[in-house]
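Each structure below appears as structure tokens.
In what follows, chain A forms one complex with chain B and a second complex with chain C.
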Partner chain A sequence: MSDINSRISGIVGDNDVVLFMKGTPLFPQCGFSSRAVAILDHCGVAYESVDVLQDMEIRQGIKAFSDWPTIPQLYVKGEFLGGSDIMMEMFEAGELQTLMDEKQVAKAE
Partner chain B sequence: MPMSAAEIEAMIKHALPGAEVEMRDLAGDNDHWAANVTAPQFAGKSRVQQHKMVYEALDGKMGGVLHALQLTTQAPTS
Partner chain C sequence: MDKPEGNPQNTSMAGSMEEEIRVLLKDAFAPERLEVINDSARHSGHAGDDGSGESHFTVVIVSGSFAGKSRLERQRMVNTALGDIPGQRVHALAIRALTPDEAR
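The block that comes next holds the complex of A and B.
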């Protein structure tokens, strides 16, 4: 496993919910990332975010890691869940909230 | 050069024969698209797998020249 893969594995393994995004939750730098943040905020879960614009290695590495060409990317308990479109579909169907409950993800403070 | 709706639709249909593709121009600029894809090949696949099949159909364009494609996918209901 390459260095960047093990670095990403570490981040994904150390945090229950991780969003790889462009910008920060307070200042998202892309519409899709902004939508992903809004969905997580609606779910009321605690999450870690990684700004890929601040780290070129992660920005490229994350695409290979999940075999997924775009950002944002959401990981819950180590599992890749999808990008903002899948998040939105799951949220609208109530599936995302159910999954967060089932996986016993901590609520936002 | 941004990709046209016809080009995107053609690539998806080429890789997924029998697929129905609805394209919507999100920003009126011929560059930000929404695609709704219904394909028999999606049956029994997870959402992540379905989206990956569309990204594969787009042959590396997604995340490159095609930076804004909002995607929804489903298998035909009947």
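The block that comes next holds the complex of A and C.
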């Protein structure tokens, strides 16, 4: 496994919920990342965010790692869920909240 | 040639990405319904706007090909069909992939 792949799998392995995004939850730099943050906030779960704009290696590496061409990307308990479209569809159907409960993801403080 | 906005080549290029996406998806999925919407103007001036007017698209596609596929699988199918367009040639592509049953 290449260095970047092991770095990324370390991040998604160490955190229940990880959002790879552009910017930060307080200052998202893209509408889709902003939407992803809003959805996670609504779910009330604790999550780690990674600002790909601050890390070119991850910005490129995450696309190959997930086999997914765009940012944001959401991981829950090590599993790739998808981008903001999938997050929104799951949230609207109530499935995202159910999944977070089933996977026993920690609530936000 | 002192008025670049009148360049007929620019005019003919406008909408070419939309058309390219449409053709690729038609070929791949024989959709019952297909909408390719250029949202670029709504994102004008923001970080992902490259000035091309073809940076943000929304695709709504209805096809039997998506039956029995998860959301993730459907998006992967669409992304694969579009090759290097999502994320590289187009900054943002929102995808809604439905089966004919779901679209009713």
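Here is the rule we go by: the second predicted complex is superposed on the first by the 109 of 109 C-alpha atoms of A that agree within 3 Å, B and C clash if a C-alpha of one lies under 4 Å from a C-alpha of the other, contacts with A are read in each partner's own complex, and residues count from 1 in each chain.
We adopt the following convention: a contact is a pair of C-beta atoms (placed from the backbone, for glycine too) under 8 Å apart; a residue touches a chain by one contact, two chains touch by 3 or more.
Values in this document were obtained by computation on a predicted structure and should not be read as measured data.
With chain A as the common reference, the superposed partners chain B and chain C clash. Looking at the shared chain after the overlay, A:Asp85 reaches both chain B and chain C. In the superposed pair of complexes, A:Lys22 makes contact with chain C only, with no contact to chain B. More residues of chain A lie in touch with C than with the remaining chain of the pair chain B and chain C.
Put simply, chain A uses residues 31-32, 63, 67-70, 80-83, 85-86, 89-90 to touch chain B in one complex and chain C in the other. The part of chain A that touches chain C in the complex is made up of residues 22, 29-32, 63, 67-71, 80-86, 89-90. Only residues 31-32, 63, 67-70, 80-83, 85-86, 89-90 of chain A touch chain B when the two sit together in their complex. Against chain A, the residues of chain B that register as touching in their complex are 47-48, 51-52, 55, 60, 62-64, 68, 70-72.
For chain C in complex with chain A, the residues that touch the partner chain are 43, 46-48, 71-72, 75-76, 79, 86-88, 92-96.
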